[in-house]
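We just call them A, B, C, D and E in the order they show up, numbering each chain from 1.
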């Protein structure tokens, strides 16, 4: 944790332009690259305007937390980042989401390609009803990797990466459903690591887990940060404070505030943020 | 909260017998009656010994919180109190659970009777797929109340009691599934109030809810305490600290510690309790 | 990027990039929806085929017999040498008699069995009884036909001396037995899919199992139950061999169930396994009757869909 | 004010509990009644037909002598017919189900297909016979062959298979698909590697039950004019053949009483065949019924 | 392997004389398809069974769609021959002509239409054609036995008849009803066994069906003598049992006889063996000259 905070100091010497509301948009001065640069992004479910004019600049090798009351659009936003939100047929969008400089909303952008770069972990652990091995090998296999030796390597590395190798190495051929919830969730993270994504999106990955498992996943997120950019949605403000570098506060489909996590939790700029964080609502 | 603490002082002048581990067993000196007196209660799921020699004395008009890591037997215990645990066919029990002086495990004790006295609210809101009105009126109706006027009164009173009357009074005939999770949970509480139980069991009633709804339900629990005895299972230690008078800490099917909530959270007697509360595990 | 991280010998993303852009994958992706929609259209084509088959010959039939005589006539005497009469109502009535009797047997028993299986029986009992019931549904209908004729009818004759050897009662009951498992099984499915949490909610209020079943589970599963009943009755209407064997061949226009009747299906079998000449009015009449039968089941199904949509409960 | 006082509650409690017991018994009896019928049916058939069951019965073709009559042609014909129906109806059924569940947008056209399928499920089997006669036997010149009958029967059970497959596919949780898409899998990959493997037990169960219905069907084959009297086994897709139920129907209509017992023996064989198929379906269902 | 052995075995048990062996000179292949009357079916089945022994590589299949159903398929060109328990109807002949199908009619046996009563019935064992008419023709009244003869019981007559769509009914209609309607309260069934059951189970029952069904159930039924003649093989063959004996037919497609050697051979086999086969399965053979005539006609068509 100490190490983490040290790193973040780098980030803090950005200059707030007065014209801009959010810190994230403006820290061009830092040494980190943007992974997701969202510009004036809007999203509708049918007539329901779920995301309104979102502007966010998410940097690489950081943990960005998204918090906000239920229904504020957190899941919608994070799913927009890998275009999973398009699985809902009534969705319409406009604006830009640039992933490493390219607008993913462009019709020429293949979603499959995007999603191999941008992995996702879901709220409820959702392993496939297959063996642990097959779960992890799923991603590489669909992308055409058939070599058994390479697959073995990937599986081991991914499981180690998700800090679950020791627990399951003796039963790779057992069904993943035999594992506990917390283990399943780490299997899902490992599955996601297996295709070596650049960014990992996590939608309330611990909300279905017990405290011990939550702790493990939180630790894991801390570790992964060195190699991946992580965007995590959470209900749990303590969690956001514990593990994230930056925090975005969503309310009614808008970004109220986006800043370094310690700033948000110590001296939020917006009254609504303060109210929310202090538990005065939602 | 201030009020609450005042009340609790009454309770604190009990004498700890050195032979007994738990405060709850010993406070004969207080003015409150026992609702549930559990003696040497054991429960097995098949071969799995899920509850081991439980001894607990739960008093009326208090909120008793049950905390402990996942799988420690919290739900099992609370479901034993209204014998819902018997829905699992492989369950075997021994020992005694006395509800207001009568052993509910006696074969002569009709579960239906017990459950009219002991209401229950579940983790996931589970309204019936009926109108809001029919949800609340269900209990009274099965007990033979047919008079429309009386039913109307009960429905209103219960919904008010569950602090949701104002939100739903204009749409009593709509399906309860149209409501948000938090509203559904309060409907379930209202449904439970409609049969005017003596005790209300709650199994993690807020864990599926967002913070705003959680807050509302917590406030509601505080209010209900005046008229009902409440036993609440929770994962959330903050919640236990916020709303309960007494707390029981379960671990691996045993009661490690049972005492006044502020005592448990300030100066726990058992090392394991302290470890758990301080987040060192579970 | 990510690959530098864990010090891999193989970079997965590189491997992926290498195998990407295989044309085949994208081609399959484009092709499959087309293949599948084509397959899905076969079911539509089947309906078109049925309509085409039926309408074509029915049209010929109505060249010879007036449509009003057919629809409103109460006498069905196609073989009468002197004056053949083609009033379909006796056949319709015969069909309805069977359907009603079958429903009277199968609906209460089927739903009762479904309630027992889904709400009272242990898992083990259910796992044994349900498949056995399905065997009952799988008994070939001609087996049932002989069962009705050689067992049920004589047995009923003991009780009702005036019962004729061919009657509506016996095949009606046996058709009911045949469709009973369908109702029991499908209703049980519908009731089992009502989440347990809802049951627990009711039990926790002190409800008995009966109250849970009748006031919570049954209403919640109503759409599924109605669907099962309608499907089953529709089968009863379309049932052929049982009624051909045990129902007789006398189209009558009365409400008597102890005497010989004829259903629409039985008439079709009678003619298609009989000696009526090809190209005669009688020959064309089976298509008119088949078409009537088709319309009948169609209306019933539409009605059922409408009802089950209106009563659908969300959970 | 208390609305529910203890005395009123307790007074009703007794009658409610009695009602519960009484109805439980009624429900049980209803279930047993259905089973009893099955037992009576089976006992009758076995007592009539068991004596005629012998190796010769399986090895002989039909004959005018009851003691020499066998089911060779009928049994083999039924099995061949199944071998045609199974792949045809399953490919069509699963394909349609995948289309409807995974690809179809919610619009008038797919609503129409759905409605059409549920209506088709209610069309009497004899009408399918008329369809098969017109389309396959006559228009497509398939004659009264295995292929014509196979296609007709496939269409007959198609709606059942579609509905069963749809249900099985729908039962695969959404999060399974999302997990796959989230890895960059294409739609077809997701269907083939995630959805179908999870749905296959349900699909198979439904299909086998539908197939067993096809095996027991008589009426459409009567309309197609499938022969009963033949002394050879089918030797190709366009070959003539006969089936068990047809053979039974023919025997049962014979003047000689002994043929009734031959028919009963045939029924035993048919029932055993169906029980085997059902058992396979049940085995699959119990073995793979994995809840997410 | 074992299958074929079995077939040969069946063949080595000639049931109807030794013609089969004589036939077996040239081994033929091919397939023959027939359909039609269920009354004729037992004879055909026996023939097919025997023929399979003589010519195991010829695939003969015969459906039982009824006379009308058989003709329908014959007209559609799906079959080579059609069994019929009545002569072809005008409409059918016209359709055949339309379809360009030339055919030849062959008689293969007699069926005696047998009127039967319950064995307990000792009053109506002999009836005249007129009495039959009185009994069976619908005249709006409820019929009692005493209506026919005052000395007979004053009880309602219960009627069982083959389905109005069967060849048997057609024939009965032709010779007894003469176009008038059958009594309305008659129980009709396509399945003659059911009629047997009905009459055997009711003292006041009367019914009629094919002679074969009577011969198989003689113990349960009493056959009625018509105009003093009881139905027996002899009276039917000799033509004494009138008007209730009728011929059974096979209609063969001429072009198939010419083009399909197997079919020609099968028809020849049929005509040579039909008589004995008919007797074996409960029908009555034609006078030998008629079979001879048939064979001559057949040869002419080759």
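Throughout what follows, a residue touches a chain if its C-beta (ideal position, glycine included) is under 8 Å from a C-beta of that chain, and two chains touch if they have at least 3 such contacts.
This is a predicted model, so every value here is computed, not measured.
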| item | value |
| --- | --- |
| Count of contact steps on the shortest path from chain B to chain E | 2 |
| Contacts common to chain D and chain E (chain labels) | C |
| Pair joined by the larger number of C-beta contacts - A-D, C-E | C-E |
| Centroid distance [mean C-alpha coordinates] between chain B and chain A, Å | 36 |
| Averaged-CA centre spacing for the pair chain D and chain B, given as whole angstrom | 50 |
| Distance from the mean Cα position of chain D to that of chain C, given in whole angstrom | 12 |
| Chain A and chain E, separation of their C-alpha mean positions in angstrom | 84 |
| Numbers and ranges of chain D residues touching at least 2 other chains | 16-17, 186, 222, 252 |
| Sequence positions of chain B contacting 2 or more other chains | 112-113, 116, 142-143, 195 |
| Where chain C touches two or more other chains at once, by residue number | 208, 211, 269, 272-273 |
| Touching chain combinations (by label order) | A-B, A-C, A-D, B-C, B-D, C-D, C-E, D-E |
| Chain B to chain C touching residues, read off their complex | 82, 84, 87, 89, 112-117, 119-120, 122, 124, 126-130, 138-139, 141-143, 175, 177, 188, 191-192, 195 |
| Chain E-facing residues of chain D, complex | 59-65, 68, 72, 137-138, 143-144, 222, 225-233, 239-240, 242, 250, 252-257, 260 |
| Chain B contact footprint on chain A (complex, rising order) | 69-71, 210-213, 215, 235, 279, 281-282 |
| Residue ranges of chain D in contact with chain A within the complex | 105-106, 173, 175-186, 189, 193-194, 197-198, 290, 292 |
| Touching residues on chain A, where the partner in the complex is chain C | 113, 116-117, 140, 143-145, 150, 153-154, 157, 160-161, 194-198, 226-228 |
